[in-house]
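In the two complexes below, chain A is the common chain; its partner is chain B in one and chain C in the other.
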Partner chain A sequence: MAAEPPPRDPHLRRDGAWVGASVPRREDPRLLAGRGRFVDDITLPGMLHAQFVRSTEAHADLLAVDLDEVRATPGVVAAYTAADLDLADITAELDRPPHEFVPTAMPVLARGKVRYVGEPIAVVVAKDPYAAEDGVEAAVVEYAPLEPVVTDLGALAEDAPLVHAEAPRNTLVDVSLFATEGIDDVFASAPVVVEVRSKTGRQNALPLETRGVVADWDDRDEQLRVQTCSQVPHQVRTVLARCVGLDEKQVRVTVPDMGGGFGQKCVVGREEIAAAAAALRLRRPVKWIEDRRDALTAAFLAREQRYTVRAAFSADGEILGLDADVVCDMGAYSCYPFTAGIEPLMASAEMPSVYRVPAYRVRGRAVTTNKAPTAPYRGVSRPQYVMVVERIFEKAARALGMDAVELRRRNVITVFPYTGVNNITYDPGSYLESLDLCEATLREEGWFSRRSDDNKVIGIGFACFSERTGYGSGAFAQRKMQVVPGFDLSEIRMDLNGTVSVTTGTLSHGQSHETTMAQIVADRLGVPYDRVKIVQGDTDRITYGWGSFASRSITIGGSAVAAASVKLGDQLREIAAHLLSGDPEAAVLEDGGVRVGSSWLSYADIADVAYLKAHLLPKGVGPGLSATASFDVGGDGTFSNATHGCVVELDPGTGGVEILRYVCVEDCGVAIHPQVVEGQARGGIAQGIAGALFEEVRYDDAGQPLAPSFMEYKVPTAMEIPDVRIEHLETPCAFTENGAKGAGEGGTIGAPAAVLNAVNDALRHTGVELDDTPIPREAIFRALETS
Partner chain B sequence: MKPAAFEYHRARSVAGAVGLLTELGDDAKVVAGGQSLVAMMNFRLARPEHLVDITHIDGLSGIRREGDTLRIGALTTHRAVEKAELGDFGVLSRAMRWVGHLPIRTRGTVGGSIAHADATAEWCLLAVLLEARIVAEGPAGRREIPAGEFFLGPFTTALEPDELIVELVFPRPAPRAALTEYADRKGDFALVAAAVDLDADRVVLGGVGPTPVSADCPSSGTSHSRPPVSWADAVAGSLELRDEPGISAHYRRGLVRTLVERACEEASCGC
Partner chain C sequence: MIQLMELTVNGERHDLAIEPRRTLVDVLRHDLGLTGTHVGCEHGICGACTVLVDGAPARACLIFAAQVEGAEIRTVESLSPEGELNDLQQCFSEHHGLQCGFCTPGMLMLAEGYLAEEPEPTTEEIREVVASNLCRCTGYQTIVEAIDDCASRRRAAFQEQLAGSRV
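Here is the complex of A and B:
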């Protein structure tokens, strides 16, 4: 049976590894040729189309919903209110006492009260999407308007109307996680104290593919089959089963190709539940595709926060303390499963950032307002607090008469592991090295001399930060989440001809997991990566998984996949050693087979025995080739890090901002596929720039959204986003299976700080400092006009 | 974002289109590139019961030079103008870079832009600046409407519901003219747009009123020696502006000053 191994694949790295090689993406042939299969590509026989009657009021008692005219509209098949469908509410909980957290129920369809413009009130099902919209127009909804709560400060006002009766002062979360003893004395005696007050705009994570679902009841499997573009299919299954009253096994959620999620799709939405409930009721397939207007006004939004942060410094530039107050405007409801706590808890836990902060006090609040609810968005509070902390270093440098990069150098964590004042232990990173390299790169490129050209208004800004990735069960439990999405579980199987299929509880919504996960398996088993099939996004085929968010896929999912591969490898070695009469300990996985001494046996031959000639297997070894492994990150997870440097030129005549150069020096440990990592960084930076300079979901005083289209919601295009130079550093993670750290969010986290600092640096001669985003061009214009 | 139901009609000739418009009356809208109308229909902000598609009419597209006059067919796309070599009408080609993005320029038409009458649209500014005549055909035949009398208000024109724009006539070359704009994003409708013709002592602004606004220019001496900066100050100072949400009158006035100055610079170098 022994044979010769096949020749090496040209894509392998020189040392024979797949990990670390930017191999052609498995996804490319279909996605680049337009043969991907997204939710909206799915058409089922007899399929109906859903649209929603949505609230036109920001805050009102719902007196009556009359759907008679809707049901009489040509093409409309059915229309349901909350009372018609009678679905359980969606409620996300934290294990925190009532003075820290108030749970609020989110009904699938509004009941009794509406809390934001765009809130779904009724679902209309019709033969086509046109008729569905005609039906929506025919609905008659009677409101008794209430005074709306439109701003965070308005929500906290003593006499503010209540969005939820159970939440006094409209406060859903109020936590004070840290208060170092004696911190007031630190500030009282500090030679330099600086303060940043910063408000960040409300944003939309804006996946290009809007949300959507196709649901139908399968009589043979007695199962509600739901195809949806979710980052968390198992959680959709759990919530859907609960809402409609089915068992978990009676619901199958699968995820086809996805055009982005960025966090907006890592929570359970109301519309997919309502559309699925309608399909169940009608016993006909129902499709709902969110249109762009709804996506911009009624989808989960993000980012709106207010920071008041003071920092104390010694005369020689040592940071002595940080004192912070954070208010997050979460909109009308807590999202499932994360709750409204996700933003204030993230900011509170991690604000000391990459610096050695000896004293820390923080209060974090989440308030509810009559605006569309929020979900996590790539970065989750980190874009904001990193921006604030990096502004602090710029301001302190000015107050101290020091260079801001030098001031960072003096304070950045350099000895690892480092346990901070926030009780988090930081694993090794390259904080100082990334800062040095980023500055040196911009210096070499000549930007510092261009900055001193008096005829131009040029500024350079930096952002040095780390990003906790791979939150394990422990880290989430520390946040007191009732649902702890930490581990990942992987099942691997080798089939007859030696091909491998492996499940992952994570799923790609554009991040190339079919390639990167396959690279990991390929290295562990010594097979070409295109012999490995990744199975993801199917609740029937995958044991409970948590999906993809929080930069967890490669760190946790990739580790589980690697561990499962090793177990399968052990089986293969045992069988091969038996068949070749050698020692299993001496058996090596190599070139798509097992080498034992001078003999080599292909996986196909081993699989042949495992499945077709089981009588040849060693004693005690059962038929088949499969293994299961799980992975969880113990302790505090692993921290990726980066320094971003941005050069801007301001136009005194218009207040316009042009980004002349952007440099990102990133360290995500071992990069499985460097090109994919760079894509993540570039896309993330674009979203960070969007927040700093362009995008804002604004509301008027009545709570009406002012950005229902791309005319008003200013997503930057290729015209606004600069080319980004990316440099890699590599500090491998000691406790993930591949040495990888997460790479999904860093771009978005660093960019707002780097851009805002660069704009302020360009304004250095004006005495004006701008700390809010998106930066108003008029403010730049006025600053430069008066200087 | 699906339009309300409408009936589609395809016109094969100008007379046919006019006939349809006459027959269908106010409930009909002309569609060509569809870059504004279709978006408005998808939002159900426009709900015409009938669409008259004129894109299959021969002879409505193209650019013709006749002596000092330039005639541009209504179905000519922005992109076609952008790519054309127009000599001393080059301002038209250069201004096209401000019209949306490439896909919009490839589909959108000159006539459609004029008929839509957005107060910041490049074609509306250029038509007023260069004193173009808008040629419209209706049941009574053709008439020429001076651009200065064409734009009545936001999205409102002197065009009758049964008339079709067939052509734009630019009566004189403008070798020293330019259009420039500012918006936070490239390709957006301008916050303020300024178009100048140094030889005609004309400035037209977009974004400062309900229609393109012809601003007063100091008119002494020869146009060749006029310093652009004083023009810009005078134009900006002459406007009556109000504070609006997100943009103060002061900022808008500042943009006017900057853009008039820059348009003058571009016009004088012809680049």
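Here is the complex of A and C:
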């Protein structure tokens, strides 16, 4: 039975490891050949197409919805209002007292009242998408308009109309946290106090593939089968089952290839529930594909926040305290499962950032307005509070007459683990090292001398930050979520010829998990990574999962996959040792088999016994080769970190900002696939630059969205996004299975701060300081004009 | 109203009976089953639906199928008919020029059309062309690098061919 192992794969890293090697992505061949399978690529026999009658009013009582003409439209098969479908509402709650959190319900279709332009009122189902749109146009909706609430300050006004009757002052979340004893004295006696007031624009995460779903009832499986582009299939299952009144086992949610998500797809959408409910009612497949106009106006948005933050410093530049007020405009509804608390609670908990802040007080609020609701978006609040804190360091440096990088050096956390004033313990990172390397890189490249060129308006800006990536159950429980994400569960199986399939509760939608998770398994079992199949995005095949968000996939999902692999490896060693009459303790997984002393047995041979010759198995070992493992983060999680450095040149003629250079020094612990990590950083930085300079979802005073197409919502192209130089540092995480920290969000987090600081640095001679994003070009123009 | 028309896609002729308002991209995807071409905005900005019409990149979402009767249409499916990735696709993979892959077919057809017209572009020229389309994942750098690399390889191959023919 014993044989010789096959030759090694040339892609392996020199030390024989798959982890750390930038191997070809498993995802690429099908995506490049146009053979991926996205939701809109799916066609089922007899399939119908849904579109939605949407509110044209921002705030109104819904007096009547007349669908008679809709139903008479050629091609239309059915049209339903909320009353017709009678679905339970989507609700998400926090375990917080009423003065801290007001629960509100999001109906699947509007009932009695509409709260934003674009809110779905009725679903129209037709034989083809064109007819569905014809049907939508035939709907007659009668509104009694109410005064809309369109700004955060308007929402908080004493006499403001109420978006939800149950939420006084339109406040859904209001928490006051930490309030270190004596903080007022700290500020009263501090030699230097600086303040930043910043407003950040509402943004759309904007996956290039809009949201969409195909749903059908399957009589054979007695299941509502839902193929949807969601980052969180199990959560969709739960909400859908609850809304339509089915058992969990009667709903199967699968996720095909997904054209990005960035958080917009990590909450449960109303339209996917309504389309599935229509399919259930009609007993026919129903597809809904969101069009771009709806995606820009009625999908989940994010990032509209207002900060008022003061910081106290000693005369020699030591930060003494941080006092913050954060208001997040969460739009019309709380999202599932995160609630409207997602942004204010993130900002409040983590604002002290990478600095040793001894005193901290924060008030974080979520207000509801008549705008499309919000969801987590890549980085969640961190792009905003990091920007504010990094502005504080720039302002304090000016007030103190110090160099801003030097001021950061003096305050950055250098001794780990560090437990902050916010009760969070930070695991080891390279905060200071990244700052030093980033500055040195720009200096070596000559940017500091170019900055002094009097004929040009050039500025250099930095952002030093960390990013909690392994949010385990404990960390989410601290937020007092009723539904507490955190762990991941993995089931691994080896089949007859020694190939491996492994489930993950996470969900790749561009992050390359089919490759990187396979690399993790490959190292644990000693098989080539292309012998490992990753199974994801199927609620029937995966016991439970929390999907992919918050850079959790490799830290938590990757750890579960690794743990399952180890268990399977133990089984293989035990069986092989028995078959080779050796000691299981001396058995080593190697080259696609098990070596015991001088003998080697391939996995295919072991699997042959496990499945086809079970009588040869050791006593007490059952047939088959499979194992299950889970992973959760016990403590406060792990922190990736980075420093970004940005060089901009301003155009006095237009107020335009050109990014001349962008350097990112990042540390995500062990990089499973360095090329993928760099891709995440570059893509994240592009989205951060987009928020800093270009993108904003604006509304007029009546609550009408002003950016319903790509003509108004300005997504940056290759001409606006610079090349990014990336340098890697590696501080391995001590408690994830692979030493990896998350890498999905850091780019987005650092970029707004680096860009804004660079613009302000370029404006240093003007006396003008800008703290809002997107940075208004006319403000730059005026500042340069008057100087 | 239904209209009869004839469409040539990737060298294959198709007879269609469709509404005249049907866009080229919907015909390609839903009538011919060529789902490699994607729909990102339906108003001609994002370029996910880019195909070649008589060799030139075009937005399939802005064209009615009826407008391109008689033209030669090429979609992403034509790049690797036997399943083997072509040199451009290979370069995208090597440079990590795709993440979610949704914009990729449009980027590939854009580049394929452009390189056929301009085999010796500068990196800056490539960047300007890539700016025709949107990508939300990569930050564009690796797409530009992939196209640049492919152009170099094609030039090198061409030089080699020339050298070979001189012998």
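Quick note on the criterion: the second predicted complex is superposed on the first by the 787 of 787 C-alpha atoms of A that agree within 3 Å, B and C clash if a C-alpha of one lies under 4 Å from a C-alpha of the other, contacts with A are read in each partner's own complex, and residues count from 1 in each chain.
Definition applied: a contact is a pair of C-beta atoms (placed from the backbone, for glycine too) under 8 Å apart; a residue touches a chain by one contact, two chains touch by 3 or more.
All of these numbers come straight from a predicted model, not from anything done at the bench.
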item	value
First, second, both or neither for A:Gly656, with chain B first and chain C second	first
Touched partner set for A:Glu133, first chain B, second chain C, both or neither	first
Touching partner for A:Phe694 - first (chain B), second (chain C), both, neither	first
First (chain B), second (chain C), both or neither touched by A:Ala629	neither
Chain B versus chain C as contact partner of A:Ala577, first or second or both or neither	neither
A:Phe781 touches, of chain B and chain C: first, second, both or neither?	first
First, second, both or neither for A:Thr717, with chain B first and chain C second	both
First (chain B), second (chain C), both or neither touched by A:Ser709	both
In the superposition, chain B vs chain C on chain A residues touched	C
Touching partner for A:Val65 - first (chain B), second (chain C), both, neither	neither
Contacts on chain A seen with chain B and repeated with chain C across the two complexes	129-130, 291-292, 709, 711, 717, 719
Residue numbers on chain B that touch chain A, as the complex places them	1-5, 39, 43-44, 101, 182, 184-189, 246-248, 250-251, 254-255, 257-259, 261-262
Partner chain B, residues of chain A touching it in the complex	129-130, 132-134, 137, 291-293, 653-656, 693-694, 698, 708-709, 711, 714, 716-717, 719-720, 776-778, 781-782, 785
Chain C-touching residues of chain A, taken from the complex the two chains share	22, 24-25, 27-29, 31-38, 40-41, 43, 129-130, 206-210, 257-260, 262, 289, 291-292, 509-512, 675-676, 678-679, 682-687, 709-711, 715, 717-719, 721, 723-724, 747
Chain A-facing residues of chain C, complex	19, 21-22, 26, 29-30, 34-43, 45-46, 48, 75-77, 79-80, 83, 85, 89, 92-94, 96, 98-105, 108, 127-128, 130-144
